[in-house]
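Next come two complexes, and both contain chain A; in the first it sits with chain B, in the second with chain C.
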Partner chain A sequence: MGRAFAEKVLARAAGLSEARPGEIVDVYPDLYMSHMASWRCIRTLEKLGTDKLYDPDRIAMVMDHISPARIPKTADDQRMCREFAVRKGIKKFYDVEAGIAHVVLMEEGYIRPGMVVIGTDSHSTIYGALGAFGTGVGFSEITAAWVTGKLWMKVPDSIKVTIEGPLARGTSSKDVMLKLIGTLTADGATYLSVEFHGSYTQGLSISDRMTLCNLAMEVGAKNAVVCADETTRSYLAERGVPSGHYAEVHPDADAVYVKSATVDGRSLAPQIACPHAVDNVKPIDQVAGTKVDQVFIGSCANAKYEDLVEAARILKGHKVAPGVRLLVSPASKEIVARTVKDGTYSILLEAGALITNPGCSACAGDGGVMADGEVTLSTANRNFQGRMGSYNAEIYLGSPAVAAATAIRGAITDPREFLS
Partner chain B sequence: MIEKILARASGRKTVTPGEVVVANVDCLLLHDLSGYLTGRVFEREVRRPMRYPERVVMIFDHHFCPPTEEGARILQENRSFARRWGINLFDCGNGNTHHVGVQNGFIRPGTVVVGSDSHTPVHGTLGCFATGIGNDSHAGTVMPFGKAWFKVPDAIQVRLSGTHKRGATPRDAALWLTGTIGEGGAIYKALEFAGPYVEQLDFWDRWLFPLIVVDLGAKCGYIEPDEKTLSFVRSVTDKPFDVLKGDPQRAFEAVWEWDLSDLEPQVACPPTVGNVKPVTAVLGAPVQWSELGGHGGGRIEDFRLAAQILTGRRVHPDLRFNLVPSSRAVFRQAVREGLVEKLHEAGATWFPPSTGSNQAYNMGAMTAEEAMISTHARNFPGRNGSPEAKMYLASALTVAASAVAGAIADPRQYL
Partner chain C sequence: MVPGGYDAVMEKVGGKVIKFGDNVNTDVIIPGRYLVSIDPQELAKHAFEPLGPEVQKRLWSSQVVVGGRNFGCGSAREQAASCLIGAGIKAVVAKSFARVFFRNCINTGLLVVECPEAAEAVADDGELWIDYASGIAVVHGKEFGFASYPESLRQILEAGGLIPYLAKYVLPQEKALKG
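Entry: the complex of A and B
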């Protein structure tokens, strides 16, 4: 009987010949990501009474979530991390100017097919975009992994999600995922390994794969993956990682899936997740015209280079509607560089966007906070009540194209109105 | 010049120093924090209609992207106040109060400009009487009556001459003057900046001189408008204005003259703006942060100077270099000139046009052990996180050189 991706990758990381769903295995992750709150791990480590690290090269720290500090406590926490990294010889340390941890680590070539990556962020499922097993864990787990190198995990069952393309005009990977989340619901894949298959995923850009795997968290996934292919290999090769430096893991053709789902991208319309749950998804025509105060293009889900280019394509020659704030937070320093170079940055600026330094920005409450009664259309991955400031504010989630069209009109707008 | 402006604004033929006049106010500049306080007093206590809403300008600059619900609520109330009264509003990301006011043509020669930011005297660069007054005065007299009272100040002329040597800039001259005249060295005076040095400066370099007067205790600072001033004003507004100049034989309480030819790069050291030393006295002082921004920086000129230093060099890995344009216009210009790309590639980080780390509303908090060198206008303890944190103020050249060195550095070694 064939094995699914998660079973094979966890067996390898646990040094076992096989690992069955439901089995508990001791996994030796290849990389442990912790963001700005790494200070919690450092404090926990102090309490453990040891500071001998299993392998400092497997530790990656990125000072995202709040960057830079606006209160002394945050500045102190970040300084603690900085000094710890120097003291412990942690080379994969990225300071407040780098951007969002997930995106930075992928750009740096640290995430490779077949790896197991744990991170102190629920959207660590994103690492599946490069054929890795990525999952979110707590600070204590990360600290324990720092010291022991291992973490126990229950091997998940798998779900096969088939996406057929090409996508209908005006839609993107974000719409695919919102459609899927609306269909499966927020707990539709709890503790399942989500495997993306189908014609749409073949040759799909890493950026779109990141959106798929990132948002898989919102159906409850343990991890999510688009298995490595030529696109993955060339993405890594461009970042100095030749294919000999990793071992791809692919599910067997006869792997067993406990569930399956299909999204037909060919007939898809832009989708919106309405307040206050990510699975409260409606096709855009049902919410078009809803007035917004703010549009946020940001987060690890949708502030990648391709996302900003897509938004700029619609915003070019237009202005943000009077009274509406358009907040753009590129996901990384590299993305800022690319968008400045190719003119995307300039188009956004001329349209009236407020472009922040790279980072989590409004998605992590670091700016873009709303007051009572305000409404934001966001490209991020969560719209829970109170997530962006007031409990009496509303967040709608949509694609970068929807965000751009909405910024121009000041109300939720179908981007197809701007595509010729 | 100030006497003439105040005479005209108060409907008199002449006024003399020491006299108290009630003057018509042509422009009221508010930022997000002061605007909120002013608006509340105006609506809750004053409860009268607003006389000239078109003269009132509110700019959100301390919060450029509110990180707290309280910040969001303040901005929301400010927005609805602005809508209710029809005043001019510039939301987050447009720049810092003074630059936005000037770039959008609200400040014109010969006028009376007030604002609750203490650096409001900077608009004397355009030949205005400009000064900072309290929020309650804005709410109580400026908003309902379009007026404010002033005691006419005595004037002192600061005559500057000389040409800088390599590595010294007008910002160094302004810092040096702050140290030399001293905090409290010109209390309630009108400081006229004049002389061949001032005449040869371009508009945005002249700007750095009236900017310092509040820290000397002065009521206002100004530069008599000349052809450079007028062509600048015409580039930002097509509204008419009427220039007033002092009489050629005008009397000053004092004339202070300095030759700036031998000026070295200067640094205002903690804990106050008047603690100014040549850069050589603080070489090697550790800094973890550097920033071009605030009222004293973030001009296109600052980014050009930084680019001179950073050509072929990178920001030191142990230090972070923040770039905060003073206005959207400057940001766009920096993109066009390739400065955004060049400085980003060198390792600096761009932030939205605003006051940046000023008072750490949105960014710029430091630990007790940290220090920053910046082009900001103030360095008092507690403005940037821990009261123990240090802030050094310097020119864009010195800030950029320090960003490369990872410690306070002399820009002359990098030019």
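Entry: the complex of A and C
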């Protein structure tokens, strides 16, 4: 009987010849990511009364979520992390200027096919964009991994998601995922390993793969993956990681899936997740015209270079509607540099955008919060009540193209109106 | 020792229930703005704040949180479990859980039970008791079975969470091995 991706990758990381779904195994992850929560791990380590780390080279710390500090307590916490990294020789330490941990670690070439990566962030599923097994854990678990190098994991069953492309005009990987989330619902893949297959994924950009794997979290996935191919290999090669430096893992052709789902991208319309649930998804024509106070282009789901270029393509020559705020928070420093270089940055500025430093920004409620009764159209991955300021504010989720079109009109707008 | 953790699994635990619907997310359980703290008591003051002070007051006087499907969906924040411990909650019972929340409960020593029948049967404000060792949930005299944990996870839960477990069992062992 064939094995799915998760079964194979977890067996390897647990040093076993086989790991069957439902089994609980001790896994030795290749990388442990902690973001702003790192200080909690350090405090927990102190409580544990040990100072010995299993392998400092497997520790990655990125000061996202709140960057830079806004209150002295946060500044203190960040200093604690900085000093800890120096003291412990943690080389994969990135400070407040770097951007969102997930994106930074991929850009730096630390995430490789076949790896198991755990992170103090639920969207750690994103690492599947490079053929790795990524999953979110709590900070105690990261601390435990720092010390013992291992963590218990239940081997998940797998779901096969087939996406057929090419995508219809005006749609993107975000629309594909919103459609899937609306269909499967918020717990449609709880504890499952999501494998993306189908013609759309072949040769798909790493940026779009990030969006797919990131948003898979919103159906409850344990991890999500687009298996490594030539696109993955050349992305890594460009970042100084030749293909001999990792071992790809692929599911068997006869792997067993407990569930399957299909999205036909060829007939897709732009999709919107309405307040306050990510699976409250509607095609755009049902919500077009809804007035917004703010548009947020940001987050690890959709503030990558390609996303900003897409938004700029629509915003070029237009202005943000009067009274509307357009917030753009690029996902990383590298992305800022690229957009400055190719002029995307100026297009956004000229349209009237407020471009913040790279980081989680408004997605984590770190700036860009809303007043009572306000509405934001966001490219992020969650629209829970109170996530961006007032508990009485509303968040709609859509693609970067929808965000750009919406900023111009000041109301939720179908981006196809701006595409010739 | 994580407050509430040790007692929670040593005997029959339970009490008054506060009941929620499906898909209760972590931003509702503990809003992101309060994550600057890791103190369960401090966090407990803000647990379920988006739902208003009435719900919060009821939370503090309850011992069992009951949820519908996909309880605890959303972020990986461990404080979604520890804030409940701080609020005096002894057990969380739901029809189903989001996976990171489920892990975080075990790892902070909070009894977490997936038992759709008991979650359905119990009324808001009713009583629910858990006999952990035998895998039985009791709602007003009626018993419902649930799958008990594998040994390895039970040890973590019984130690009061992952960190106390490491301190108690794993680290001393490693030290002893090195002699």
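Things to note:
Everything below uses one rule, namely that the second predicted complex is superposed on the first by the 420 of 420 C-alpha atoms of A that agree within 3 Å, B and C clash if a C-alpha of one lies under 4 Å from a C-alpha of the other, contacts with A are read in each partner's own complex, and residues count from 1 in each chain.
We take it that contacts are C-beta pairs under 8 Å (C-beta built on N, C-alpha and C of every residue); 3 or more make two chains touch, one makes a residue touch a chain.
Note that the structure is a prediction, hence the values are computed from the model and not measured.
Look at A:Ser34: by the touch rule set out above, it reaches neither chain B nor chain C.
Shared-chain residue A:Asp95: touches chain B; no touch with chain C.
In the superposition on chain A, contact of A:Thr74 is made with both chain B and chain C.
After overlaying the two complexes on the shared chain, residue contacts for A:Arg43 are found with chain C alone; chain B is out of touch. When both complexes are overlaid on chain A, the residue A:Asn381 reaches neither chain B nor chain C. Shared-chain residue A:Gly365: touches chain B and chain C both.
In the superposition on chain A, the residues of chain A contacting both chain B and chain C are 71, 74, 365. Interface of chain B with chain A (complex): residues 64-69, 71-73, 75-77, 79, 91-93, 320, 322, 328, 331-332, 335-336, 340-341, 344-345, 347, 349-352, 360-370, 385-386, 389. Only residues 24, 37, 40, 43-44, 47-50, 71, 73-74, 77, 119-122, 124, 136-141, 143-144, 147-148, 152, 186-187, 190-191, 220, 222, 277, 279, 364-365, 382, 384-387, 391 of chain A touch chain C when the two sit together in their complex.
Put simply, chain A touches chain B in their complex at residues 66, 68-72, 74-76, 79, 95-97, 323, 325, 327, 333, 336-337, 340-341, 345-346, 349-350, 353-358, 361-362, 365-372, 374, 389-390.
Residue ranges of chain C in contact with chain A, taken from their complex: 23, 25-28, 31-33, 35-36, 38, 49-50, 69-70, 73-78, 81, 96-100, 103-104, 107-108, 150, 152-153, 156, 161-163, 166-167, 170-171.
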